[in-house]
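Note that the chains take the letters A, B and C in the order they are written out, and that residue 1 is the start of every chain.
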Amino acid sequence: MGAVGVIIFAVFAVLAIFAPYLRTVDPMRPGLAVNRLLPPSSQFWFGTDHLARDIWSQTVYGSKIALLVGFLAAFTTVGVGTFVGLVAGFFGGRLDEVLMRIVDFFMMLPSLPLMIILAAVLGPSIWNVILVVSIIYWPFTARVIRSQVLSLKERAFVEASRSIGAGDRLLIFGEIMPNVVPLMFAQAVLMVTEGIYAEAVLAFLGLGDPATISWGMILHFAFESGALSRNLYWIVPPVVCICLVIIAFTFLGTAVSDILKPGYREARGL
Amino acid sequence: MALLEVENLKVYYFTRAGAVKAVDGISFTVDKDETLGLIGESGCGKTTAVFAIMKFVAPPGRIVGGKIMFEGRDILTMSEEEVRRLRGKSIAMVFQAAQNALNPVMTVGSQIAEMILEHEDVTKEEAWERARRQLELVGISGDRAKSYPHEFSGGMRQRVGIAIATVCNPRLLILDEPVTGLDVIVQRQLLNLIKDLKARLRLPIILITHDLSVVAETCSKVAVMYAGKIVEQADVVSLYENPAHPYSRLLVKAYPSIKGEKGKLISIPGAPPGLVNPPVGCYFQPRCPWAMDICRQQEPIAVSNDGRMVACHLFR
Amino acid sequence: MRGYAGFAIRKVAGAAVTIFAIVCVNFVIFRLVPGDPVRMLFGDPRAGAELIQEMRERFGLTGSLWQQFLAYLNRLFLHGDLGISFVQRKPVMETVVDRLPQTLLLVVTALAIAVVVGTFLGAIAGWRTGTRFDAIIVSISLGIYSIPTFIWGIILLIVFAVALGLFPLGGMATLGAGYSGWAYLRDVAWHLVLPGGAIVMWYMGEYVLLTRSAMQDVVDQDYITAARAKGIKESTVLRRHALRNAILPVVTITGVNLAFAVSGVIEAETVFNWPGIGRLMYDSVMRRDYPVLQGLFLVFAVSVVLANLVVDLIYGYIDPRIKVGGPK
């Protein structure tokens, strides 16, 4: 599973990084009126959209946006979530209670309506998408990290370290962090999918960054133009790309968390 | 012919690290009116052995050899369905630490009734009534049949486990560490209950424990297990007064007796061997104070004499 | 049931507090709008000054922030007033109530199917962990549930409606057909399949994985072996002992998942033009109808809180450890 994920990811990474060299043109500049809504040809590999823009170019540049948003969103979400989870788990007591109440509250807010509202209010842009994703998903990471910290706290070595006078700082960075980092990594992989999803769905609903064209936006234009029943070539590339990238990271995430539980697979006879 | 005859039973666990020989060729018998105590350290294979009797060995474990003759038929050759019909009705088991052995979302009464309804053709009301009476039999008020397991203390949950196992009058009862982890007073009460039931129901029992004093109280004969093998079998008095195998000797010495003479308390140093690549020769040799050269080279062969059995080079 | 009564009261109180917090958040978010909120609400840049002032008063946008907040609370709780939609010139509440039943129909149907099928498959996969069947189910479920609902919607639409022509392209009923009675119901059901299917995907995948995981934990417990020791049939052990315990954590998580059900609804209704509040949200975004957006957020958020409350209360009832309390 993990292998499949890595391969797919590599393909898209290549597309994203080498975009300008892959026979692409500016994905946003409208073309000649006669070239609108053309099916795939040797000139336009994936055909053109309603403004005669090359869909192949849009697809390629779309991967840049998807991966960018995905990684940045994962970074901020896991960053905030880990920080809160660490603090809550390690210090416990009232601080933990208060933080967990906040976490519970956030977790109950419906994600898409909140994303829509925030995007509508803050204005559509990639950075706002990243911000919005972090706001919605940090509690999940916080909970996961916190329970890891709690179980680590119970373990003997923390007691032992304390008894030889290790201060809080040392404990956090020396003992707890190394055990938390792999989990952070697993969370990050999952959050990439959330980031990609959030950008895609907001773009699809018309709240995408007008300075870019992402896969979600391609679908938005297609949908608005009624292409769903007519111009399949417009729709298939972004749909396939979104599916592949999300599946890739989901599989990767599962593979990573399986690896983190080494005894698990053996015991299960997998 | 004895009620239960286990012959050269072998149960191995096949892991990535290799085959763990959890039970490596043990033999014993249990007859009516007998109570066999199976004693040994944690991990010596006693629980695995009785699980094999009920055919509960799950992958990566497998029963790789031997016979288990129950009332003349070899359990290991029976089909899954036939074994299932034996369970509960002919052979019943009380699990270790009944904390988890009771379903948390079912009332205690319904769990006893479930056992009854499975094996006997009675109505639900009759089963419930009998469940209540069974609770009384083990010293719990019948009114508590409607309570849930978490409402009981550990000792009482163990009683419920005993109630469930005995309600259909099984022909063989297995008790896996019945009093381990309970405080002394509760232990005393439970042991009395077991002795009482044994007398009343005339049940043959296999009792697993690591506590020799429990064995001394309740069992008529003992099998001592070490690292997957039985190293000594004897009736309980002989074992106490005259332990043969070094391991048995150390075990007996490790338990203080309030009556009787005061001897030195010895703890047994070292730890049992890993069972993936067991040492050559006698398994106990690294910890044995009487070890000889031959012990490091050859595995001792079991020698039987007059109802006693020992596997040790000291006895040929 | 003293234990339960206390539990229930605490949960209801918690829900009330949460709802109040959501109301506050809702208020604050819309004050985050950069620029003049009324101009933004209005949309029409040529509106005269007096009209704007009148609107300000109408919408409680005069006075200090604190006064505005109080006015907002007053309108909301005492009058059930969510504001007025600019596009439709109707009270938001009315618009929402108009379209709520359609959404409920879609959601309840989809969730019911997803939960039943998902739990069933997940239980079997968990019971038989490590087998081929299990591995296949896990991979498929992972794949299915990671794909966003609107993508599923598009896929289903293309495959079943466009390519195969088996289902309609959208809407809730065939326009102008004038069906009534049974025929109407069948028509609606026919239209329900694809959008419902899109929502089912995520939910079912989630329940398969959840139930499987819960079942894996249960399978290891001693009481399962103890149940087998009674000589009970495997299928009965699964049903009466394993499943009944595995259900508990699954019910708990249902609460959290409901927030995601909302997302699915919005996406599915948008793709299939299903006339519910999800589609209303999309339309309002397109038309910049902020009062409706604000009202909808409140409706969605409060529904999730209430649904969570119901789930919590149910859980408290089915888990005897909560219903009855500790050792005596």
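The rule is simple: a contact is a pair of C-beta atoms (placed from the backbone, for glycine too) under 8 Å apart; a residue touches a chain by one contact, two chains touch by 3 or more.
Everything numeric in this text was worked out from a predicted model, so none of it was measured.
Peer 1: What pair of chains is linked by the largest number of C-beta pairs in contact?
Peer 2: A-C
Peer 1: Counting only C-alpha atoms to place each centre, which chain is farthest from chain A?
Peer 2: B
Peer 1: Could you give the separation in Å between the centres of chain A and chain B, each centre being the mean of its C-alpha atoms?
Peer 2: 54
Peer 1: Between chain B and chain C, what's the gap in Å when you average each chain's C-alpha atoms?
Peer 2: Result: the chain centres lie 53 Å from each other.
Peer 1: Can you compute the centre-to-centre distance for chain A and chain C, using the mean CA position of each chain? Integer Å is fine.
Peer 2: A distance of 22 Å separates the two centres.
Peer 1: Among the residues of chain B, which ones contact at least 2 other chains?
Peer 2: Touching at least two other chains: none.
Peer 1: Going through chain A residue by residue, note those that touch at least 2 other chains and give them in order.
Peer 2: As it turns out, chain A has residues touching two or more other chains at 269.
Peer 1: Which positions of chain B touch chain C when the two form their complex?
Peer 2: Against chain C, the touching part of chain B is residues 54, 56, 84-89, 92-93, 95-97, 99-106, 114-115, 118-119, 147-148, 150-153, 161, 164-165.
Peer 1: In the complex formed with chain B, which residues of chain C make contact?
Peer 2: 221-223, 225-233, 240-241, 244-245, 248, 318-321, 324-328
Peer 1: Can you tell me which positions in chain A touch chain C when the two form their complex?
Peer 2: 1, 105, 107-114, 116-118, 120-123, 193, 197, 200-201, 204-207, 219, 223, 228-229, 232, 235, 239, 242-243, 246-247, 250-251, 254, 268-270
Peer 1: Using the touch rule from the top, collect the residues of chain C that touch chain A in their complex.
Peer 2: Chain C residues touching chain A: 18, 21-22, 25, 29-30, 32-34, 129-130, 135, 139, 142-143, 146-148, 150-151, 154-155, 157-158, 161-162, 169, 255-256, 259-260, 262-263, 266-267, 270-271, 281-282, 285-286, 288, 290, 293-294, 296-297, 300-301, 304-305, 308.
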